[in-house]
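Input: structures, listed below.
Each of the next two complexes has subunit A plus one other chain: subunit B in the first, subunit C in the second.
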Partner chain A sequence: MNTKTSAKGVGTDSETTMGNPYHNKTAQWIAYALFFLALAAIPFSVDDDFLLNQLATYGVYGMLALSISLCWGFGGILNLGQGIAFGLGAYGMAMTMQMQTQTAENPIPPIMLNNGLDYLPFLWWPFQNTVSGLIFAVGIPTLFCAVFGRIMFKARVSGAFFAIMTLAMLSAFYTIILDQQAYTGGVNGITPPSPLQLGSFQIDPYSPAAYWTVFFALLIATVIAKLITQSSFGLVTQAIRDDAERVRFLGYSVSSYETTIYTISGLIAAVAGCLWVMVVQYVSPAQLDVGLSISMVIWAAIGGRMSLLWAIIGAFLIQGGQSYLGDAFLSTWLLILGGFFIVVVRFLPNGLASLVEAGLGMLASKPKETSFREPSGVKPVPSE
Partner chain B sequence: MDFGSVLNALILGVSIASIWLIAALGLTIIYGAAGVINMAHGALIMLGAYSSYMLQHYVGVPYLLCIPASFVIVAIIGLILERGLIQYLYDRPLDTLLATYGVSLVLVQGVRLIFGSDPKYLAVPEIFSSNISLGFANISTFRVVVIAVTALLVLALWILFYKTRFGIQVRAVMQNKEMAASFGINSSRIYMMTFALGAGLAGVAGSLFGVLNIVLPTMGDSYVVQAFLMVVAGGGTLAGTVIASGFTGELQSVFAFITNDTFARFVIFLLIVVFLRFRPQGLFAKGGVRR
Partner chain C sequence: MAGLLEISHLCKSFDTIKVIDDFSLEVTEGTLCCLVGPNGAGKTTTMDLITGRIKPTSGKIIFAGEDITGADEHAIARAGIGRKFQVPAVLRDLTVRENLSVAYSRQTNPFWNLCRFKVPGLEQKIDEIATLADLTHRLGEKAGILSHGETQWLEISMVLMQEPRLMLMDEPIAGMTEGEIEKTARIFKDLRKSTTLIVVEHDMGFVREIADVVTVMHMGTLLAQGSLHEIEADPRVRSVYLGEQEAA
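Moving on to the complex of A and B:
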C-alpha cells in the first residue's frame, strides 16, 4: 500500500510541473495514438505487397527496440543478448510452421533426412501441434529469461557485467544452433515451405493480414509496456535504474524487479521472433548473431531509450535508412551508421527524443517565461 | 584414448590458452585500469593484422619486425581514440561500451572500403611454417612462437605494473582515482597511456592472428566475446586473466578432444556463466572502490 501512495506522489508531481508537453501523460498517450493511427493508415494507401511485407518486418524491429527500451531505458539493464529470446522464438515458430506442412506419410522434415536422422527428435515434438508449438515458441525463451535473469540478478550481476554475460549466452546459443545441424538446420536454418496456417486461415506474408498481425502485436506490446512504466512497479524499476543500492535499502527485492522487467522484455522479443518468421518465412542462426542484438540496442539508443515510442521510431529510421539509403551509399552505410551512433552516444545520450523534449520544452516555456519564474516550488527533482 | 593423444590435447590446450590470453591481455589492461568495456578491441586486433600486412606487403618489413611495429601503430590509434572519444565517457561505463561498438563499426567498414572484403595473407619466415615433433606430440612452430610471445608480454607487463613507477601510478589510480590524484598523479594521463598500451597489445595479437588465420575486416569480431569472458572471469587483474585463459584453454582442448570444437566452445561459455554466478567478482577481485 505504501508503495502505491509514494508512486502516486511522484507521478502527480511531475505532472503538475509540466509546461513541457513531452512530460504530460495525456499528451504522451495522444502522441502514441497518432503514431499508431498513422501506421494503421499505411495499408490503405500502399498497394505494393512487397513494400507492405517490408513494413511488417520494420514493425517486428520496432517491437525489439521497444523491448530494449523497456529493459534498458526503464530498467537500467543493458541487454546485449536480446537475440536469444528473439532467435528462440523465431526457431519455435519456424519449427511449428515446418511441422504444419508435414503430412502423415511424410512426417520427418527434410533437414533431418538430409542429415541422416530418420525420426523426429524429441526437441521437435511440441511443435507438431500448432497451438502447443506457439505456446512453446513464446514460452521457452520467456522461461529462459526468467531463469537466467533470476540466476544473474540474485548474484547481483548488473551493469556492464550483465551485458557481457548476455553476450556470452548469446554466443553460446549461436554456437550450439550452428553446430546441431540435424536439429536446427545448421547455418542454413529452417525455411518452412508454406505460410502460417491458423485454423482454416492462412497468413500470407505478402498480404495485409500479415501487416495487421504485426501492427496489433506492436500496438498491444506498446500499450502494455507504457502501462507498466506508469505503474508503481514501473516506478520502482526506474528507481532501481537510478540507484539500485538505495532501493535495496528501502526494502524492495531488487532482483525480483529486475528479473520481472527482463522477462517481460524477453517475452516481447520472443513474440517478435515468432512474427518475424511469420513475415519472412525463414530463420537462421543470423537471428542470434551478436551484431543483430547490438543493432537492437543501437535502434533504441538513437531513437531514445527513455521513450518507448522513440525507440520504435529509432528502429524504423535506421532499418528504413538501411534499406533505402543503404542502396544509395552502398558500402559507406555502416560507416555513416557507426559515426552517427558515436555522435549520439557522446552528445545525445537520450537519443533523438531528447531533441524533441528540448524543442517542446522551449516552445512551452517561451510565452510564460516571465510569469513562471517565481512560483516553481514544485520543480521536479532533477534527473541525473 | 591413449596417453600420447591426451598429452597432445594438453599441449594443444596450452596453445589455445595462449591465443585466448593474448587476445584478452589488452582488454585486461584497459578494463582493469580504467573500467572501460572496449568493444572496439576486435577491430583493434584486426587493425594490427592489417598494419602488419601493409608493412610487409608495401614496405617489405620482415615479419618479426612487423609485430612491434603493429604495436606502435595500433597504440597510436588507441591514443587518438582515447583522446577523441573515450576520455569524455569514463563516468558512463555503459555508454563507453556502446560508443566503442560504434567505433568498431566504423573501423571495420573503413578497412573494408580500403582493402576490400577478400582475405589477405601474412607471410612468415620458412622456419615458422614447419612442425615441431616431440615424439608423442606434434605442434606447429608458429604456435610455439605465439606461446613465446604471449609469455614474454605477460612478463613484460608484470614488470611494468609491479616494478616501475608507472606501474605504481596505474595501480594507485585503479584503487582510488581521487586519492591518487591528490597525491599528484595525473589520472587522465594514466588512463590515456593504459588505453594506448591495451590497444597496442591488441595490435600484437592481430599480427599473430593474421598468420594463424586469414586477414579479414571481420577477423576480430569472434575474439571480442571470448576475450571479455577471460577478463571478467579473471576479475580484471593480469594474474586472473592468465589463469582464466590457462584453464579455459585446457578445458576447451579436452572437450574438443572428447566431442568437437564448436560444442567445446558452447560448454566453455556455459561453464563461465555458471562460474560467474557463484563468483561474480571473478578469480582475483581487485581491491579498490570502483564498481
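Moving on to the complex of A and C:
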C-alpha cells in the first residue's frame, strides 16, 4: 500500500519528507489549533438553533471517527464494532437522564411500567445518581473493551478475524438490547423527557452550551489522542501495526499494547455516546446498528485514517454531505458514497489527507536541486 | 563457569517429523558461537525455540540460570535475548530512526510509555549505533526503501539497540558485499568483548574469521562441536556438510 503512495509522490521520497510541513510536529499542532478555533467560533455566526444542534451531532461523529483513527489508523486494529462502546455509552447517558426526571412519587420510568415491571431493575440502579450514572455510562463500555480486547489479543486474534469478532459482538448487543424491552425500551429505545441536568445547570440541546460541551470534549479527546500518537506508546503501536510479530522480539507485550489502544479508543467512543444523547435526547438500538459502525470506519478511511484531524474532517464531510446532498439524491447517496469510498481506498490509501500531504510536499520541495538534507532537529512523523 | 545459555535434550516435531532431535548446546558467556549445518538442519528452528517463537515438544532451555522453555517471546526478549531473523525483518513503514527507537526497549510497560515523550539516552545511543552501522545519513528514510545490505545492517543495529546479553544472528551477511562482510566480521569480534553471540552462517570464510566455537547441526542433532580446525578435521562433518558444499 505504501509503495503505491510513494510512487505517486506522496512525500515519502527523501526530498519531500524532510521539508514537508505535513510531517512537522509544530505545523501539525498549529493546524489543530486553527481547526478548533474555527469550530469554537461557529456558534457566534450561527443563530439557527436547529443547525447548531445538528453541528453538535457532527462533533459526536467526529469523535467517533477520531476513535477509529486512533485504533485502526495508528494501532492497525480494524474495529467494525465501535457501536458497542458508543451504544452502551449512549444507553448509560439516556438512563441517567431518564432517572433525573423520576421523582420520589414516581420512581419507575414508563418503559418498565408499560412492560409490566413495577420495580426498578438492578441494571438501572447505578443511574439513579447523576455522577455514578455518568461513571457507569463511560466505565462499562470501557471495561467491556478492556476485557474483550484482552481475551482477543491474548489469543492473537487480529486483522480481519478481529474485525469479524467485533461485528459479531455488535450484533449480539444489538439483539439483546432490542429484545430486553422492559429494561431498554426495545426498538423505541429511551427518550428522556428533559435535557441533561448538571447540578443546577440544564444543558439545552439546542443551545450553544451543548455545542460547546461537545466541541470541548472533541478538543480534549483530540489532544489526548495526538499526545498518545507522539508518545513512546504511540511509536510502539505504530510498530505493531507494521509488523506485530517482529515487535514481540523487541520485548514488548503486543497484546497489552493492542488492548490498551483498543480500550482508549472505546473510551472515546463511549464519551461520544454520552454526548450524543445529551444532544439528541434519545437513544435506540439504531446506535448499535452495524451500518453506523461501518460508517465510522468509512469516515476515517475517506478523511485519512492515519491522520486524527482528517478522520474528523472525513466524518464532517460525509455526514454533512449526507444531510445536504442526501435529501436531493436520497436513493443514490449510498451509491455515491460507495463509489467515493472505492476510489479513495484504491487511489488514496490515507484518504483526503494524502492529497493534502502531497500538496504540501510539492509546495515545500519547490527548490528541487537540493541533493541531500540531514534530518534537521525536526523528526518526521510516519503517519500524519 | 556455567554457560549463559544451556539447551538440553531439546526436541521439536512438526506433526510426525522430528525437526530437532535431542539437541543439547551450552554457550559460554563472552564467546561467539557459530552454528553451521546444511540447509534444513534445524538452525533457524533452534533459534525459534530459544526465542519462544515456537514451543519445544520436550527439553529445556536455561538462560542466565532461568528456565525460559516455552516462555512468551516478549518475556524472553526482556530476559536479554535479541534476535536478527534470516529474512531481514524491519518495520518497513517506519523510518530508520523510529526502528532504532522502538528497538531501544528498556521500558516496555504500555502505561509508562503513554506518558513518555523523550527517552533519556536514546539520541546518543542512536548516534552511536547509526555511526557504527553507517546509517546516519539514512535515519530519516522509511526502512522499506533501504537496500538489502542496509536492511541487514538496520536489523543488526536494532539488536544492538536492545543491548541484549545474548544475540542470535541468523545469516547476518547474506546479500552483503565483500567490504560489508569484512566490516561485519570486525564488529562481531568487537561485540564479543561485551556480549555473547550465536551466529548462523554458511560462509565458511566468515565463520573462520569470527568463531570461537563452531557447532555443527545435522538433521536436528548436534553433530560436532569445537574450534573450526577440529571441526574441519572431523570426518563425519566432512561427509555431511563440507562434502555437500563441495558437491554444490
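Just so we're on the same page, the second predicted complex is superposed on the first by the 350 of 384 C-alpha atoms of A that agree within 3 Å, B and C clash if a C-alpha of one lies under 4 Å from a C-alpha of the other, contacts with A are read in each partner's own complex, and residues count from 1 in each chain.
By our rule, a residue touches a chain if its C-beta (ideal position, glycine included) is under 8 Å from a C-beta of that chain, and two chains touch if they have at least 3 such contacts.
Because the structure is a prediction, the values reported are computed rather than measured.
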Partner chain(s) touched by A:Y252 [first = subunit B, second = subunit C, both, neither]: second
Touched partner set for A:L51, first subunit B, second subunit C, both or neither: neither
Partner chain in contact with A:I220 - subunit B first, subunit C second, else both or neither: neither
Subunit B versus subunit C as contact partner of A:A155, first or second or both or neither: first
A:M362 touches, of subunit B and subunit C: first, second, both or neither? neither
Which superposed partner A:T175 touches (first subunit B, second subunit C, both, neither): first
Partner chain in contact with A:L34 - subunit B first, subunit C second, else both or neither: neither
Touching residues (chain side subunit A, partner subunit C) in the complex: 2-3, 6, 12, 14, 17-18, 227-228, 230-233, 235-236, 238-239, 241-243, 245-254, 256-257, 260, 372, 374-375, 379-380, 382-383
Complex contacts: residues of subunit B adjacent to subunit A: 37, 85, 88-89, 92-95, 97-99, 101-106, 108-110, 112-113, 221, 225-226, 228-229, 232, 260, 262-263, 265-266, 269-270, 272-273, 276-278, 280
Interface residues, subunit A side, partner subunit B - complex: 78, 151-152, 155-157, 159-161, 163-165, 167-169, 171-172, 175-176, 178-179, 290-291, 294, 297-298, 301, 331-332, 334-335, 337-339, 341-342, 345-346, 349
Of all residues in subunit C, those that touch subunit A in their complex: 51, 53, 72-74, 77-78, 82-83, 85, 89-95, 97-99, 101-103, 105, 107-108, 110-111, 113-117, 119, 137, 139-142, 144-145, 158, 162
